[in-house]
Amino acid sequence: MNKIRKQYFPFMRAGIQSVIAYRMNFIGFVIGGLVYCFVMYYLWNAVFLSSGSDTFMGFSMTDMVVYLFLSNATGEITFSSVSTDIGEEIRDGSISMRLIKPVNTDMSYFATEIGGSIIRFVVFALPVTIGIEIYRYCMLGRIMFEPVNFLLYLLSALLAYIISFRVNLCFGFVAFYVKNLWGIGILKNSIVNFLSGSLIPLAFMPEWMKTILEYMPFSSMNYTPVMIYMGKYGTTELFVRLAVQAVWALLVYGLSKLIWFGAVKKLCVQGG
Amino acid sequence: MIYAENLRKEFTKNIKEPGLKGSFKSLFKPKKEIVVAADDISFHVPQGEILGFIGPNGAGKSTVIKMLTGILTPTSGSCRINGKIPQNDRKNYVREIGVVFGQRTQLWWDLPLLETYTVLKEIYEVEDSKFKKRMQFLNDILELQDFINSPVRTLSLGQRMRADIAASMLHSPKVLFLDEPTIGLDVVVKDNIRRAIMKINKEEKTTVILTTHDISDIELLCDRIVMIDKGKNVYDGSLRELKKNFGQMRELSFEVDPISGLDVRKFRENIDLSDEDVIIKNDQNIFTVRFNSEAMPVGDMLNYTLSAAKIKDISVKDADIEEIIRRLYKEGAGGNE
Amino acid sequence: MRRAFKIYRILVAQNLKRIMEYKADFLTGAVSFLINQAIGIAFIFIIFSQIPALAGFKLEQIVFIYGFSQVPKGLDHLLTDNLWSVGYFIIRKGDFDKYLTRPINPLFHVIAETFQVDAVGELAVGIGLIAYSAPNAGLYITPLSVTLFVLAIPFAALIYTSIKIITSAFAFWIKSSGFIIQMVYGMNEFAKYPTTIYNNAVKLFVTYIVPFAFTGYYPALYILTGENPLFNIGGVVAVSIVFFVISILIWNRGLKAYESAGS
């Protein structure tokens, strides 16, 4: 265990350092995300005004605000750029430099990224959560914060991160076949955003679609932790959802390993 | 032709301390520093000359070249080329110059080489008939025909460099700036490129300014050299003169009889020369003394060595330019290395 | 001017040749942007399954505004995409040197060099949505209104371009300004919906500070209602010209501050 800590800590530290070094890019993306949240806020505001009722498909406006911002913050914590990183490395051949290091390759990526996620959690997700609670207090006149839900949220967000990381890892290998990584990245993001419910809460979708999406890995990447935080699940459903997350984490882990071994073989054949 | 007067360029640089702590520190309190990349650089190049612009890494060579080509605006001072000030009249000025940065390419990466030339033809407004003649000329000296239809990304480094030089010559510039045109190339290719540069200079009276780290480039091509170090002009003159002033280093190599041996420390102690003027190396039974023949005549050194050890063989070497430059750098830097 | 046009044509031709070489990739890009936009619109349909009108606009009208907003955006994306690279890496890596050693305007040169076919996705969605919604959106159609409306499109695209020029030019001072482009460009989200849904501060912001409202909602509002052409269409022209002039001034100052890179 100590050896693992020693071996991977430098990667994690590098991850933290690179977020700091490229802090302006990070801030740019964060503000871009917040702008999007505000556009959506006004849009929902208009929707609630137009619908003339206090709730819209089971969501109050306060719920909607919490959902929008928390979903965005969760997206920041579970953000993974491993697909573009791997893609670039495959394309310029530097992936062979990673293969010759005496560490587990996907773990080295993981350690680098979790460093960045920790920073994003501290400087972004946490303040947003506090902001959300202040907003709820102002709107509802009482403190809505549930420590248990928050802890469960963290657990669920961690699972979400693992799934997001592994899915992105699998996706990175697309670079073997496609050169336009930028375009394909946009495609991936828009599909994941849609299927994970971070664009539209799954609760608003037609029943059959909602059921399918809830059992797909994408909802585990964002929707589940947010719903847990908001206390939208009863005890049984809560455990079902966490179990679904855990199962997907294992499945995509296995899948990424499988693809990885295939990729290494392919690399050896192609000669990098 | 080319006049540079008191060129100075300052950059501001962020300083980051190493490690995680340093990262956090620079996050809250970024440190800034003004770096003077070029300081009071003046020189003049007459038409048709090949000027070697040399200096160690980070001396400010590229900064000066970039000011001369109009890419950078000098902090103070000015330059005039063909009577034009690059920064004031950029568009007309660059029609008269060609620029090659050895580390970069101006060729269209994904397209066959010929396409680059047809685009540049339009950009520089070269007439059709002139373009044909020009391509013929460039083909003759740079031998492009073998790869002119290959995509640029498939070219070897040497081919790419030839193609880049051709690209910079397409519009028959009066001045050619070459920033490290032989970097990373093997000896044969280097030789090709040097011959091409020489030919261009001879046939078209093109003035050439080139920077390089390769001493042979200078020996074979340059009429004159300007050397800068730490942003300052430390030498301006002919290569011959430079050799005369700094070229008094000689190198004597002795093959010493291994049985009798030679005590290097004792040997050094008995020579009355400063460390600047003598370097002694001992590699198994080959013993090398490099020294300033002005401070100690070659005969004296020979006599002394012969008396100090049993010598089986001797060889004498002339000063090479690398040594001269090394010494010059040291003087320019005030010997604080 | 004729020379600029000729050079532009040749640079675009080079680009198309490159595209032909990587057909699959450009197809991927276009399809990606198309799906990206299509998913965005799915959202509107889901909302309208629950409410009859949004801020006084019915579904077809909202879809029309949304679709129209994609046209200037796509046009700008098609023509000036290289500005992103200027902000992200061309300046930082010192690759901008090349443009400064050529006898044409560097801004024109760097823009002309890329022809971004990915934008076809946005244009297709935009035109498709306009075609879908126009018959039922209750448009105000007269020869004059249609002329004015179509005329507004290039000016609206110029607003995008000017904003990209300004934000990418910051890289001349700070080396990499990709994040600023990202941040400001991202505000085009505001253009997709009626400005009446925002509060006054936001409305003023997207009208005069980062004037994306003129790239979508205002011109669309004109063709929807026929009202206030002076502001809704004239505003597009005026704002785009003002911003373009500002962008050129900032860009030219940036050129003087350009520091190149390394040696």
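Labels A, B and C are assigned to the chains in the order they are written; within every chain, residues are numbered from 1.
We take it that contacts are C-beta pairs under 8 Å (C-beta built on N, C-alpha and C of every residue); 3 or more make two chains touch, one makes a residue touch a chain.
Note that the coordinates shown come from a computational prediction; the quantities given were computed from them, not determined experimentally.
Averaging Cα atoms per chain gives one point for each, and the point farthest from that of subunit A is the centre of B. Chains A-C form the pair with the most C-beta pairs in contact. Rounded to whole angstrom units, the spacing between the C-alpha centres of subunit A and subunit C is 29. The distance from the centre of subunit B to the centre of subunit C, each centre being the mean of the chain's C-alpha atoms, comes to 46 Å.
Subunit A and subunit B have centres, each the mean of its CA atoms, that are 51 Å apart. Shared interface positions of subunit C, defined as residues touching 2 or more other chains, are 22. Across the assembly, subunit A contributes no residue that touches 2 or more other chains.
Per the touch definition, subunit A reaches subunit C in the complex via residues 24-29, 31-32, 35-36, 38-39, 42-43, 45-47, 49-51, 56-57, 178-180, 182-184, 186-187, 189-191, 193-194, 199-200, 204-205. Of all the residues in subunit C, the ones that touch subunit A in their complex are 22, 24-26, 28-33, 35-36, 39-40, 42-43, 46-47, 50-55, 118, 174, 176, 178-180, 182-183, 186-187, 189-190, 192-194, 197-199, 202. On the subunit B side of its complex with subunit A, the touching residues are 16, 20, 23-24, 26-27.
Subunit A makes touch with subunit B in their complex at residues 13, 16-17, 20-21, 23. Interface of subunit B with subunit C (complex): residues 11, 57-58, 61-63, 66, 69-73, 87, 90-92, 94-95, 97, 99, 101, 104, 106, 108, 110-111, 115, 118-119, 122-125.
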